Every structure is written in structure tokens, then in C-alpha cells.
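Shown next, in C-alpha cells, is the structure this report addresses.
First chain written, first letter: the chains are A, B, C and D, and each begins at residue 1.
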């Protein structure tokens, strides 16, 4: 596959982003963003991703094709100082950066994924302040966060929905407020925009993002049949879709 | 592709799971779960798979990314003794294990597939105790089970729907009861959860799972147009979707 | 990728099916059926394909995974004699064979594709004796058949829908009758079953199949909004979906 | 993958289309059209693409499988003279050529993409003279065109919809008129046909096409729930889909 124009000049040591280890954060961001592109989550340069390794925050740049990045395109920031310790020359930092940082500083996350998932956008149009879904097996992939372990399938997963703003970095206050108001959530939906999902490491973040998107997609299908997503077992029995039975 | 962290210590002989033969059960589970992931059936660590070869039961572990497993991640259990004869060190056995075992002991299956197929979940919300579909060609891929051969396309395929429970292993009694109540079924749908499908060998199980999921997906589409799935030939003529004709 | 069990004994000369040329019919059937599998057209061993090269008819076998065939699995029949000149040992000829032959003998086709496309099945449930669609650009990919050239985008593509039967080979009389009744069609839909599409060579057949399936899929979407597919330009203006405008 | 028959004779120097550089226009057209095929945008030989490099216009030929082209299949035209300086022997120039040229001469584009996207066709059936969508984050990927920078997410993206005609080249006058009437648009939808999208270079054109198709697909989903796409923030609150809340 051909790729976007390569970086011609950069500051910071190359060894921060160049590695033969496929599990190096710079390599994983490239690999996983390609996967997310294939799932229609980050097309048209939308979305982004960040991984933390110790004090180093790896960040995909702004406005690039997420499926065609290479490791040398990555920004690296020190979490302690908030300064970039490696910047590619021709790219700009992502406007998502303060939102990714919030997941690190407020939740001690190890990775944060931001997608423009159409299921997330549809859910933000079909629900008011919160997305709730209950009694689906996939809910068991969602961690409790404030205590060890995962949700039960008969419990309710709640994700807050915050309003979009003109400039992505200005989402930070309301995202941080939602982190306080919903201490057990692993994600925040931004209305008419997409979703932020994080986890204690990159694989947990990926798994939680997949599980939540599965539930969002299922919720849209349920609503298309008039079935509520959080009304308890048996609630589907009285929904219009059952008039055939 | 990069992969999940490798197993550092394991008990049991490596030769049970390491083979150059692509048709070795440990290799097939990895290959087919990757395929199922691409079909949105086992995302977010959901679902699983097991293959029986003689007395040896190969099982994917619990809570791992199903598209990123390697053969050394597999559990091997003796069907005769019920003891693990090979366990990867850092993984836990799947909670699906007793359900997979039921397909081996009650149906003499050669392989069992468990997915979180959204079509299965939607069908479990649109139907009550049984999913029925008639008069579709793809039904011919479904074996009769209690006698040789396959269903005719004009016959009805019935799959029981059992209720979900908080802990997957506790599904075993109702799944085993359904195996008794529905001696000809090759699958069981678990409401708001997914589906279990088995076959006399791994390829038959894969084929039956594909054919059933095709029928589940078609059923959801039919219901979205108000067309019943088991009401006989010509029943679609009176459905609301036909008001245009 | 691992594959189905290999053929152990076969009759007929190997050179009929073994070739390094990727455009050899036995190789193309394997390649294209893999592509059709990825498009959800031939899952669960459904569907099939045949190519004619001179007097030789190449046919995929019955009941095999269409995405995992190898050239040595193919049947080769002489069109002149109707006898197999190469048979794989462990497979059975496809029940589609007489239907493929009809496209060769009645239409002088060079290849014939049979899929279980869900769009075709849905259209067979939403339309009565004929599927008609007008005024869509993709119609221009459909040949006129009885004269040179292709349909205009403002013309109507009509595909007959015949009733399914218990045994696929028994479709032959009604399929042959439809070939007489609809001399300009390049396809026949079988209700609750799928579609047969042919063309003067393998690439034309593939292109026509893709164009028709695009139109079938579009038709189902149009009907979901209450928009008729053959009611003339501007007819969508009065459909219920427009109440928002 | 096997390919379409190779060109046997051609006029013009080979070096215009043969290059080891993956970013050479002839290579990029082949690579990107394969990608568009996988997204169901150019199946059945539909759609096409052109790239301008200096005075040279690279064009995919007419009526070929867009996912199976090779660089030597490309036409090259001089923008200055309007003459072909490289023609493959067995192919015909695309009927889209004058439309691609309009993007070069009227908008100084660097590349133009034409797809038969089903989302574009559906939108052309659900909207009258213009497609409008507001208040979605992905709108930020759309350039302002008549001034520097991109749309805000709270602004409205408007794409004109022109009527289809029997012969594609005859779309040129109304497409050129739409370019005058809508000086800020980066795309034109052709009713019951597809969409033309351009950008200042090939990557910008690809990104804009992806972002617009995302918005078209989202719009169809919104309309399926009765949610208008351009009625302002909060308008979804009063839509029928919300009767559950």
C-alpha cells in the first residue's frame, strides 16, 4: 500500500518511535488505527488514538489518514511535563490531545481511543443525556472501574452523552465533569460527534471499545424495531415488533 | 499483526497444541476465530470455540481477544476424565466449557461454536420460545440429526431460545434440557446473549453456523418489512411491505 | 488458510484442472467463489459457479465450502456429450448443473453464477412475478442480450422470479421456460432461494452479477423507505419518506 | 489475484504510466479503485477516478472492472491540448472524462473521484435539489473552497443534486452550472446515479469523498428514524424515534 508523504524533518530522538517490536506503542497505534478504519470508525481522517507507556504519551497527529500512518508520524509527550519530547515536522498535534490526557490524569488509563462510530452518533440522536442498555451478555466485557471486576449481564451499562462544541479541545471541561459525574464509566459519547473509550492498557481499551460499539450497534437495531434497551427483561414482549406473534 | 502477550509458563506437553498441520485443532481454532471476528461474531473477547479430536477437547481460553490467539493459548481437556491435560499458564478456562462439553456428551459433536452474533440476539428479542423459519433454500444446509440427511427447503427449521443467566456455566441445565426437548436441533439461541452451534466435525459446525446465521440475518430483515418467517409460502403477499404492489 | 480435505482419487486427466495460469477456469472458479463468500453470497456451502471453455464445462462440486475449494475439486463435463471427463473422487456433482447447462445451451453463455444473495431473497419476497427497476445509472451495466449493447439508465430492467422447488435440478423446466418468456434477461431470481446470472464470458458474468446485486440491494433500501423502484422519475417525491421535506 | 486481459498494443510512451513509485498517479488510481471496490462504491465497472499531475491527466478507462486495473490500462491526456498522449489499445475513454475535466478547469482540482455509492443514490431519492446536513463532527473534514480552512461542525454542508441524463458526458453542462451556482461545494450528487467528489490533490479528494460518504450514510440512517439532517440542534428530540423516551 502506498502511504501519505513521509516526514522530512522532526525533532526528538527517533528511537522513541522506531522499533522492531510490533507491540511498541508507535507500531500499535498504526496497526490498530488501520483496523478501526476498516470498521468505518476513523474514515476521512476522523478519530484518533493514544497510548501511554510509563511517562510517555504516544499520540497520532491531527488531520491525517488514520489508516496510512507510520510510526515516525507519532507525537510523544511527557505526561509529567506536558511537553512534546518527539514531534514529527509536518504534522500538527491532535485537538483530541487534552481529552486523551484527561483519561490519563483522571482515570490512570493506559490508552484512549476516539472514533466517529456511526452507531455512537445514532445513539446520541436517539437518547438524551445518557445511553443505557441492560440485560445483554456483551455487557460483561465492561469493567466496573471503581472496584475490581466487570459488570454482570443483568446490570445496566450507562454512558453519559455530552454536547459537542465547535473546537474539540473545548470538550475538555465537560468531558472532565462527566468523568466526575460518572465515576464508573469507561466511555463518553459526544453528541453528533462520536465516542471516547479508554482502558488500563491498549488491549483493554480496544476490547472495551469493541464491546461498547457492539452494544451501540445493537441498540440502534433494537430501537428500529421499537424495542427499548433498558426496560428490563421481557420488555421486548410488548414492543410493536411483536405484533406478528 | 501483533498479538496478545505470550504465555510464559504452561503445564502439559507442548506437542498437544503445536503443529505444522493447518488442520490441527489448535491451529483451526485460531484461524476460524479470526474469521468469526471479521464477521462481527466474537468481538470484544465474546464467544468462543472448541474442537474434539478423539478423547481430546481443545478449548479457547476465557476473556482473550478471539482474533489474536495462538495455538499455545489453548486448553486441552480429556473428555474421558474431565481433566485438563494441557493448560496455558496465564489464562483461565472459558465459562463456556460445560456448554461445549454438553454438545460432545449429549450429541457426540466434533466441534462447537459460540458467537455473540447480533442477528441471534435480535432474533431472541423478536421471537418467544422458538425461532422458526420455513421455505428458504438455505435451510437445506441444516442436518436432520436424528436421521441421516438434511432438511428440505420447504420444511421448518426450529431453534429453541433459552433464557440467559448471570453466569455462563449455569446455562448448562437449561441447555441440556433443550437438547432433550429438541432432539433434532443443531443450535440453541440464548436470549440477549448469542448462539451455540455444533456439528459432527469442525467443518460441519462451521457450515451449519454460517447457514443458521444467514437465516437469522434474513429473518431480521423479513421482520423489518413485517413479513413472517414461518407462515408458509405466499404469506409475504399480504404483508404491509406489499402495499406498493 | 487451511482447506477442506484433499481429493484422494480422481478420474480423468489432471491437466484439465491443474494450471499455473490464474485465468484457467478451474483457478478462476476458486478465486471468484472466495470473493463471493466474502460478499455473503455463498456462505454455508450455498451457491456455485460454472465456466465454459470451448466444449469443456467446469463446475464446482456440491456441498463444499465455496471459499475453500482447490482446482482439483472441479468437475469437467463435455458440453457435446454431456459426460464428465474429469471427476474428483470424493465429491458429488452440483444439483445446479442442469441450470448452468441451460445457460450454455439456451443462451450460449460462457459462465454462470448462482448465489444465495440475501438481497435477491428479499426482493423475491417483496415482488410478485417480476422484479423491475428503472432510472438508475447502474442499469447501464446490463446487456440487451437480443441485440448488441446495454440498457439505457432510463430503461427498465426486468428479472423474472420463478418459484422454488424441493430439488434444485427440478428448477430446470421453469428456468428454461423463463429463458423463453424473457429473452432479454441475464438473470433469473428463484423465490426464497437466490439468483442465477450468466454472461458471455466469466468476467461479463461477474460484472452483470455485481451490477444486478447492487440494484437488488438498492431496491430493498428504496422499499424500506416506501419508494417504488419502477414508477418513473419523480415518483419518490410522493413517497412517505418525503414527509420531512 | 488474476486480472483482466492485458493490453496488447498501445500508443504513447510507456514511461507515462509505468513506475515503481507507489505514489505515481497510474499506480494510485489502481490502488484506490481497488479500495473503493471493497467499499461497494465502484462494483460492476461503475464509477471511476482521475488524477492530474502538472499538465497530465490520468484517467481510468471505460467499462472495466475498477478493482482489476493495471497502470498500463490508463489513459493520459494533456490538459492544455485536450489530446490523449497515451492510450491503451483495447479500451475506450471513460464517459466521465468531461466531468473530471470540469473539476480541473473550473476548480483547479488535483483529483476527482466518481462513485455509484448507494448512500449517494438513496440521498438523491430522499432530498430534492440539495442535500443538507448540519451539526455533525465529520463536517469538519469538508473544505470551504472559496476561502482557506474547513467547515465548522455547527455549519451546514450543502451538496447540489443534479438530474441524471441518458449519456454521462451530457451531464457536463448541468454539472458545470452547479459548480457556478454552488461555488463552495466539493461534490455534486447525480440523482439515481452517484456522486462526483474532487480535491486539490489525490489524498484530499479521497479524504473528502470518505467524509461525505460517511455523512450520506449517516443521513440515510437518520431519515430511517424520522430525524431531519439539517433542522438544528435538538431537532431530533421531537422526532418519532423518541417516543420511547
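Just so it is clear, a residue touches a chain if its C-beta (ideal position, glycine included) is under 8 Å from a C-beta of that chain, and two chains touch if they have at least 3 such contacts.
Bear in mind the structure is a predicted one, so any value in this text is a computation, not a measurement.
**Student:** How many hops, at fewest, get you from chain A to chain C via touching chains?
**Tutor:** When the steps are counted carefully, the minimum from chain A to chain C is 2.
**Student:** Through what angle, to the nearest 5 degrees, does chain A rotate to match chain B on its C-alpha atoms?
**Tutor:** The rotation relating chain A to chain B comes to 90 degrees.
**Student:** Count the residue numbers both chain A and chain D use at their shared interface, divide by all numbers used there, and answer same if that is over half, different if under half.
**Tutor:** At the contact between chain A and chain D, which are copies of one sequence, the residues are largely different (under half shared).
**Student:** Among all chains, whose Cα centre is located farthest from the one for chain D?
**Tutor:** It is B whose centre lies farthest from that of chain D.
**Student:** For chain B and chain C, what's the span in angstrom between their mean Cα positions?
**Tutor:** Going by mean C-alpha positions, chain B sits 29 Å from chain C.
**Student:** So how far apart, in whole Å, are chain B and chain D when each is placed at the average of its C-alpha atoms?
**Tutor:** 42
**Student:** Pull out every residue in chain B that's touching 2 or more other chains.
**Tutor:** 224 - these are the residues of chain B that touch more than one other chain.
**Student:** All pairs of touching chains, please: list them by chain label.
**Tutor:** A-B, A-D, B-C, C-D
**Student:** Chain D touches which residues of chain C in the complex?
**Tutor:** Checking each residue of chain C against chain D gives 22-23, 27-28, 31, 135-138, 141, 152-154, 203, 206-208, 210-211, 213-214, 217-218, 221-222, 224-225, 227, 233, 236-237, 241-242, 244-245.
**Student:** Using the touch definition up top, name the residues of chain C that touch chain B in the complex.
**Tutor:** Where chain C meets chain B, its residues are 1-4, 40, 43-46, 65, 116, 118, 121-122, 125-128, 164, 166, 190, 192-194, 220, 223-224, 226, 228.
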